[in-house]
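Reviewing the structure listed below.
Chain lettering (A, B, C, D and E) follows the sequence in which the chains are written, and residue indices restart at 1 in each chain.
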Amino acid sequence: MTDTQIIAPVPAKAETPFAQFRAEFFESKIAVGALITLGIVVVLALLAPWITPQNPYDLAQVDVMDARLPPGEEAFSGYTMWLGSDGSGRDLFSAILYGLRISLAVGVASGVIALFIGTFVGLFAAYVGGRVETLIMRFVDLQLSFPASLVALMLVALLGKGVDKIILALVVSQWAYYARTVRATALVERHKEYVEAAICLGLSKARIMFRHILPNCLGPLIVVGTVQVASAISLEATLSFLGVGLPQTQPSLGVLIANGFEYMLSGRYWISVFPGLALLLTVVSINLVGDHLRDVLNPRMKK
Amino acid sequence: MTEILKVTGLCTHFFTRAGVVKAVDGVDISLNRGEVLGLVGESGSGKSITGFSIMNLIDAPGRMTGGRISFKGRDLSQLSETAWQDLRGNRIAMIFQDPMMTLNPVLRIDVQMIEAIQAHEKVSRTTARERARDTLGMVGIPAPDERLKAYPHQLSGGMRQRVAIAIAFLNKPDLIIADEPTTALDVTIQSQIIHEAQKLTRQTGTAMIWISHDLAVVAGIADQISVMYAGRIVEHGPTDYVIDNPRHPYTYGLLGSVPSANKRGARLFQIDGMAPNMLALPRGCAFGPRCDRAVDVCAAAPGMSQSCTQKFRCHNPVPEAVKVAK
Amino acid sequence: MTPILEIENVSKRFTKKLDAAGKIAARLGANIREETVHAVDNVSMSIMPGEVLGLVGESGCGKSTLGRVVAGIHPPSAGQLHLDGTPINDLSAQDKRRANLDIQMIFQDPSSSLNPRMRVEDIISEAPRMHKMVSGASETSDFVDDLMRKVGLDPVMKRRYPHQFSGGQRQRIGIARALAVKPRFLVCDEAIAALDVSIQAQVINLFADLREDLGLTYLFISHDLSVVQHITDRVAIMYLGRIVEIAPTDDIFSTPRHPYTRALLDQVPRLDQRKQDFTPIRGEIPSPLDPPTGCHFHPRCPHATDLCRQNAPQLSTVLSGHMASCHHLETLGV
Amino acid sequence: MTVFIIRRLMQALVVVFLMSIIVFFGVNVIGDPVAMLISPDADQAEMEAAIRRLGLDRPIHEQYFAFIKGAATGDFGRSFIFGEPALKLILSHMPATLELAFTALFLAVAIGIPLGLYAGLYPDSPISKGIMAGSILGFSLPTFWVGLMMIMLFAVHLQWLPATGRGDTGTFLWFETSLVTRDGLSHIMLPALNLALLKISLAIRLTRAGVREAMGQDYVKFARAKGLSPRRVILVHVMKNILIPVVTVMGLELGSLIGFSVVTETIFAWPGMGKLLIDAILQLDRPIVVAYLMIIVLFFVLINMIVDILYSILDPRVRLQEQGA
Amino acid sequence: TAETLTIGLAAEPTSIDPHFHNVGPNNAIATHIFDHLVKRDENQQQMPGLAVSWAPIDDLTWEFKLREGVTFHDGSAFNADDVVCTFERAPNVPDSPSSYGTFTKGKTVERIDDFTIHIKTEAPYPLMPNDIANVAIISDDTGCTATTADFNDGSAAIGTGPYRFASFTPGENLTLQRNDDYWDAAPEFETVDYRFLKSGPTRVAALLSGDVDMISGVPTTDIATLQNNDDISLSQGVSNRVIYLHMDQFRDVSPFVTGPNGEEIPNPLRDVRVRQALSMAVSRDAIVDRVMEGTAIKAGQLLPEGFFGISPNLQPVEYDPEGARALLAEAGYPDGFTMTIHGPNDRYINDARIAEALGQMFSRVGIKTSVETMPRSVYFSRASSGSPEGEPEFSFILVGWGAGSGEASSPLRSLVHTYDSERGFGSSNRGRHSNPEIDAIIEQALATVDDAARQDLLAQAMEMAIETVAVIPTHFQVNTWAARDGLSYVPRTDEYTLAMSVTKD
């Protein structure tokens, strides 16, 4: 059968999917810029305890005598408050970096947990099918028809304050997005022939679900994930603004902005403008990255 | 015989970020009234782009970079966009490959037909509607009045394709470009469609370019055949000559690889390798690397040779005496 | 000789049930009901070892569904499959698994039938690894190399992803994947329909070679009659879920008996018929949701009588090995 | 369609019921409203009396059953704070919220679709890039922050528009609405725009994506091949196709507009349901919270149902029966 | 002139029914539409209202002479029947979350003639006029049988007050029309439109943008800017509200107080030296200057200067961190301890920020303090009865107290007196401070009708309470109103915003 053996030439584009993905991603200057910005923001947040002059959560280090200093003034304690201080005398630079830590942690933690739960539920629904699926998906639909802000608002009101509670509220209000995405993609994938092939090859259902279908749902999941993390950060800020978010003494960006809100008309713009800019920078860069990911990962948009 | 269409040296290139795709690279076509030209070739060889180029429907990043198209003696290259709109769907019509996708899913059939008439003629809705209904009847659609009120998804694939054909025929065009109109359909439906198309061209004298990769279909309806490979026409001639006595090795291989009753159970002739990468075409003859007749000169691009019967683009053509095993 | 596979009165129905709301609405008089598609309707046939059986029919007539039932992807709604004379359902769990692996399927669309996120070597070796047919890195690697060579692929490419291959190559990967579990029976569902003409021949030849080398049996589903004629030994013609005619390939093409088969063969374009006049069968394929009574073909059949409208004909033997289901076989003649 | 409506109503009942349980018991856990509402001057005996008056001394499940009994007849109890029937309070605040939400929706569609269309038709033009960048900003900026900035700019500094509250209302058909008076319109501009911002971005992106997808479809090419003018191709063939998803999504977003109005209403002191809710939550006014959520669930189910029916009318391919929710 | 006054109100009234909910905003609105037998001026001093005079005629009976010739908004005449029926209705309003029974309890009204009534009590009761000043008089024709809803829709909102009810939309606005037949001086503005604007910045923005003419509750942060704004005039006045700290003095081990390293320790707050140290650690200047931006007054007792029953001898405790440390060491806490301050974040002016500043100050004298603030909805029920036993949950809390009656007996009996639910004492004593000596003096004061004697007793109780640090007062709130230039407002200690007190310059 030698003459069947055609060692055909290889198509020109012989990069791995990841390399191709990377190449396409790095094509957009905006997206790369956003990614770099995001990277800087994350690194700054992570390094906050080492690069800030003050630990804004340690009451012994915060002095109310420093309250509302404009940017560049020197604090009682000696260092310069480059971004000014807030109404309790917190150095805003320190507070923003620490706040970023909380905001990012809340956003990412709720995103990741919601992703896990949502993925599991969505996949499970697609996997079992039938009544159970209908039941699950109706539930998901109903939750989706409810605005996340309202769900989170109610929950935080019920649960009380605290990082854990707000994460819980965000997870509850967001898991359904993931579940729906995963299930929708999984349903499409389930009807593809490679799944039938896997069934035919006697592979277990679980293996088909997790090793074959799930990896193919990742694209949309990542996109939904970035958007949801960004919206979780915003939502947390909104809840804090409404007074049901995080505690005053361990401010996230949202709390900082909300606190600064009171000073807006008094000319002390910095108390809420700087945290606002930090939030904006973070959320916009996440969204830009996510947006571009969507373009790259969406085969329909490909040329 | 009046010449309806004359295309010379048509080049349509796509300027993508990965490089220039020479989708159509020097195609010549000449077509007379009532004639059917079969355009065959493998996927990606530029058949559809040729069709779209004639319709001036190439979108960015593609551009017609060279060549002349004259239609009924009129040079189309300087035509304004509005003049094109007059021409399209009126004198030159096109039928697409996938009947599921060509009709707008959210508009009723009558809307889609009437607008095609009213775009070119000032007629009342009722007149236009009547004409639409009659044309539907012509292409063999039962109960055309009801069908007019239907949405595309309420029709079967074959039915939709017949609607598309009816739309192409609405304004009795001089030329129809049928881009693989039956590929997605069953044999029985395919023959219905070919039947209607044949009937209509015969009745109206409309010329037709029938694009297909199925030689058997083309053999059944075309007067002439052009074989495309990698953006160029590699062989052209009257159907009988091309099918019975192909000169280009690609045509030869293609014909050889079609199973038939006589070859039952035997090994089929096969063209090895795969379709060329349009971004990086081999130097010289694009078919060279897959060609079992390749010789040294093939490193240079072959020009069009003319025999008594047909034209072909090959340095080392299949001798006239060799016929395809049938 | 026992047939390798016997299909006995197999039916496959797809039913869309009404939920609670639907039932309430139905009780309130809404015009809704359960919808059932008889995709495969009481089909019986048997396939001998080493044989290639062609299955031909129009779109939606149930070819793929029958293929999937045979390959074990869908369980049949009624009827039995016998492998080597034993009903598959009666087998022990162990044997049943083996039986399922014995029948593998090759799919139509080479791009969707391969998991885009897996490397070729994983696609090919996953099932054998899971079924403990190979173990160890080096054994697996050799196994994959061997299979790739068998289907005409360079093992150098085994660490690539499917999208880096051409259509024909992808179809080879699919074939290698099926061969990896050492099947005896392949269901090829339109396995070459999506390929370019020039590539089709390569794959058809590959099927022929594999049949010879490995002694495979095929159920070859296709709507391309010339391909069917080329490689099959016997052909079954299917219309709206039922087999209407089944006979050795030569007989079908030379002396078709069923009006549908005849019409079908008339429509096939052939290279040697130039400027032919196409005379199509009238009518459309009826909806499988609401099939015609009696003989399913009667609305399109030029010979239909009242009998055809009322009673469904049975498959009856015309000649040895040639069966057709039509009330008017005698009168129609040859 | 009947099946669809029946199914939806069944689901709505289940959800409303579950919701009532969760919220009713949940609000109870937060705290004791009397501790906050009672005058500090009151002594312990009076506090007990107040608890008794509000029925809060009974076991919680008894309270719940009494509530459910009442709710079945449309009586959701009286607000602890206002002493008025909860339902009446909510309904009287509803027009303001709906008016705001619909105006925002209108702005989103009226601004978003044309911009999205432009960005989709000329994806490479600098203006389109600007539009898209703007839309990212639009959904990245927290609503409350933008609201504040808008007040600062338009009301305080430029003094073009009033900062707070709802203006004069007039009667249109049988509605009391501020959309028919000059004063009313000037009051609704800022909050509606603030609320719409997110949805404008959404409409832009949906439209753009839709246009980009539709433009690549065969049916658009076919329409051009028929010799139709670009105008007709875009306005009829492309628009009709993208309007379907856009209208559907925007319709469904009405729910989230109402949800987000909580924030906007707080900032602009817009006297709607959202503000009522947040005040009720902060003051543990359980009857209002529970009634609000039950009504809003019903409302959402209703909106979604209408949108789906609309969808099925717009898109001939959709058959409602088959859809769940 | 048909001029309209638009006021942005920080705290919205919940009802027009003057007997539905005993809270400041409702009482303030009621004062427009209804009259009281006894009126209070801006410093909460009593003045004749619908009663022209009052006096105890024996230990248990007070006689009130009613004003003649007063008519209700519907034209009917005011007489003793209205008072009698008012006192019947006030404690019995259904669904009332905070009843006016507080003021009518133990009192029997007797109609003597059309314009004389007697009010009897079971024990001598010096606070009679104070209580009576809180009960709005409604008409026995329209009001006494009316429901709360009838008042809200205006049909029963008929009083004798300077303004007539025009319209009320809960959560949105209230409109009043001047009562031109008012028996006393008629107010300046013919129409008053109250807009309810809860959010501080929104309120200020509304004033700046001209949406409203005047706002109440100017945020401290905006005062400086508004002061510099020529188009705006401010009026400020100290309020009767003291912000103070309650310390757990009843548990042996307090839940939110642990040793320096988190270990369980006996409750240090029961040691008066510790309480003194805490008071000394509070920099009241810093709170007033930095947190309140100057709009507060340092507190040395529970009511500011000028109020009845305060002690002239008490001065705010001086900030003395060294002294505080020394006292702590002396009490056996040289390394301090760990403590959590709990406080509301939406109740008092800058409440959360004050709690935070206190946390900083305590941390600086060695008490590791964390701060937890929460919405009042959660805070008050936990602070009053959040522990598993139904006792106050927290160890150290920040609270405020406004003396509604305008005299020192109010905070003393509720905050300092031993908690006694039977007799209704110490109802807000969330620290459960208990000192029988003080209790006795307070009780005596509450039974002393003679003002001079009562003043002395209250001052004495106040001094003792401060001495034993029953509570730590920090500051008195100063309330600020802002109006467009040309208007002026007479600030009130009871924090009410009254349209009658607005005048054009």
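Following the convention adopted for this analysis, a contact is a pair of C-beta atoms (placed from the backbone, for glycine too) under 8 Å apart; a residue touches a chain by one contact, two chains touch by 3 or more.
Fair warning: this is a prediction, and the values are worked out from it, not measured in the lab.
**Q** What is the set of chains touching both subunit C and subunit D?
**A** A, B
**Q** Check every other chain and keep only those touching both subunit A and subunit B; list them.
**A** Output, common partners of subunit A and subunit B: C, D.
**Q** Count the smallest number of chain-to-chain hops linking subunit A with subunit D, moving only between touching chains.
**A** Step count on the best path from subunit A to subunit D: 1.
**Q** Among all chains, whose Cα centre is located farthest from the one for subunit C?
**A** Between subunit C and every other chain, the largest centroid distance is to E.
**Q** Among the chain pairs here, which one is joined by the most contacts?
**A** Chains joined by the most C-beta contact pairs: D-E.
**Q** Counting in whole Å, what is the centre-to-centre distance of subunit B and subunit E, each centre being its mean C-alpha position?
**A** Those two chain centres are 90 Å apart.
**Q** Measuring centre to centre with CA averages, how many angstrom lie between subunit A and subunit E?
**A** So the centre of subunit A lies 46 Å away from the centre of subunit E.
**Q** Nearest whole angstrom, what separates the Cα centre of subunit D from the Cα centre of subunit E?
**A** Here subunit D and subunit E have centroids separated by 38 Å.
**Q** What are the residue numbers in subunit E that touch two or more other chains?
**A** In subunit E, 201, 205, 208, 346, 375, 378 touch at least two other chains.
**Q** Any chance you could list the residues of subunit A touching two or more other chains?
**A** Correct list: 6, 8, 11, 134, 160, 243-244, 261, 264-265.
**Q** What are the residue numbers in subunit C that touch two or more other chains?
**A** If we look for residues of subunit C contacting two or more partner chains, we find 19, 166, 168-169, 202, 205.
**Q** So in the complex, the part of subunit C that touches subunit D is made up of which residues?
**A** Residues in contact with subunit D: 18-22, 24-25, 28, 30, 32.
**Q** Enumerate the contact residues on subunit D facing subunit E in the complex.
**A** The touching residues are 30-47, 49-50, 53-54, 78, 80-84, 89, 92-93, 96, 148, 151-152, 155-156, 159, 162-166, 266-269, 271, 275-276, 279, 281-284.
**Q** Would you tell me which residues of subunit D are touching subunit A in their complex?
**A** Within the complex, subunit D contacts subunit A at residues 11, 15, 23, 26-27, 29-30, 133, 136-137, 139-145, 148, 152, 156, 212-213, 252, 255-256, 258-260, 262-263, 266, 278, 281-282, 289, 293, 296-297, 300-301, 303-304, 324-325.
**Q** Mind pulling up the subunit D residues that touch subunit C in the complex?
**A** 2-4, 6-7, 10, 321
**Q** Please output the residues of subunit E touching subunit D within their complex, sorted ascending.
**A** Checking each residue of subunit E against subunit D gives 8, 14-15, 17, 20-23, 93-99, 101-102, 105, 148-149, 152, 169-173, 195-199, 201-202, 205-206, 208-211, 346, 375-385, 401-402, 404-405, 410, 414, 421, 424-425, 427-428.
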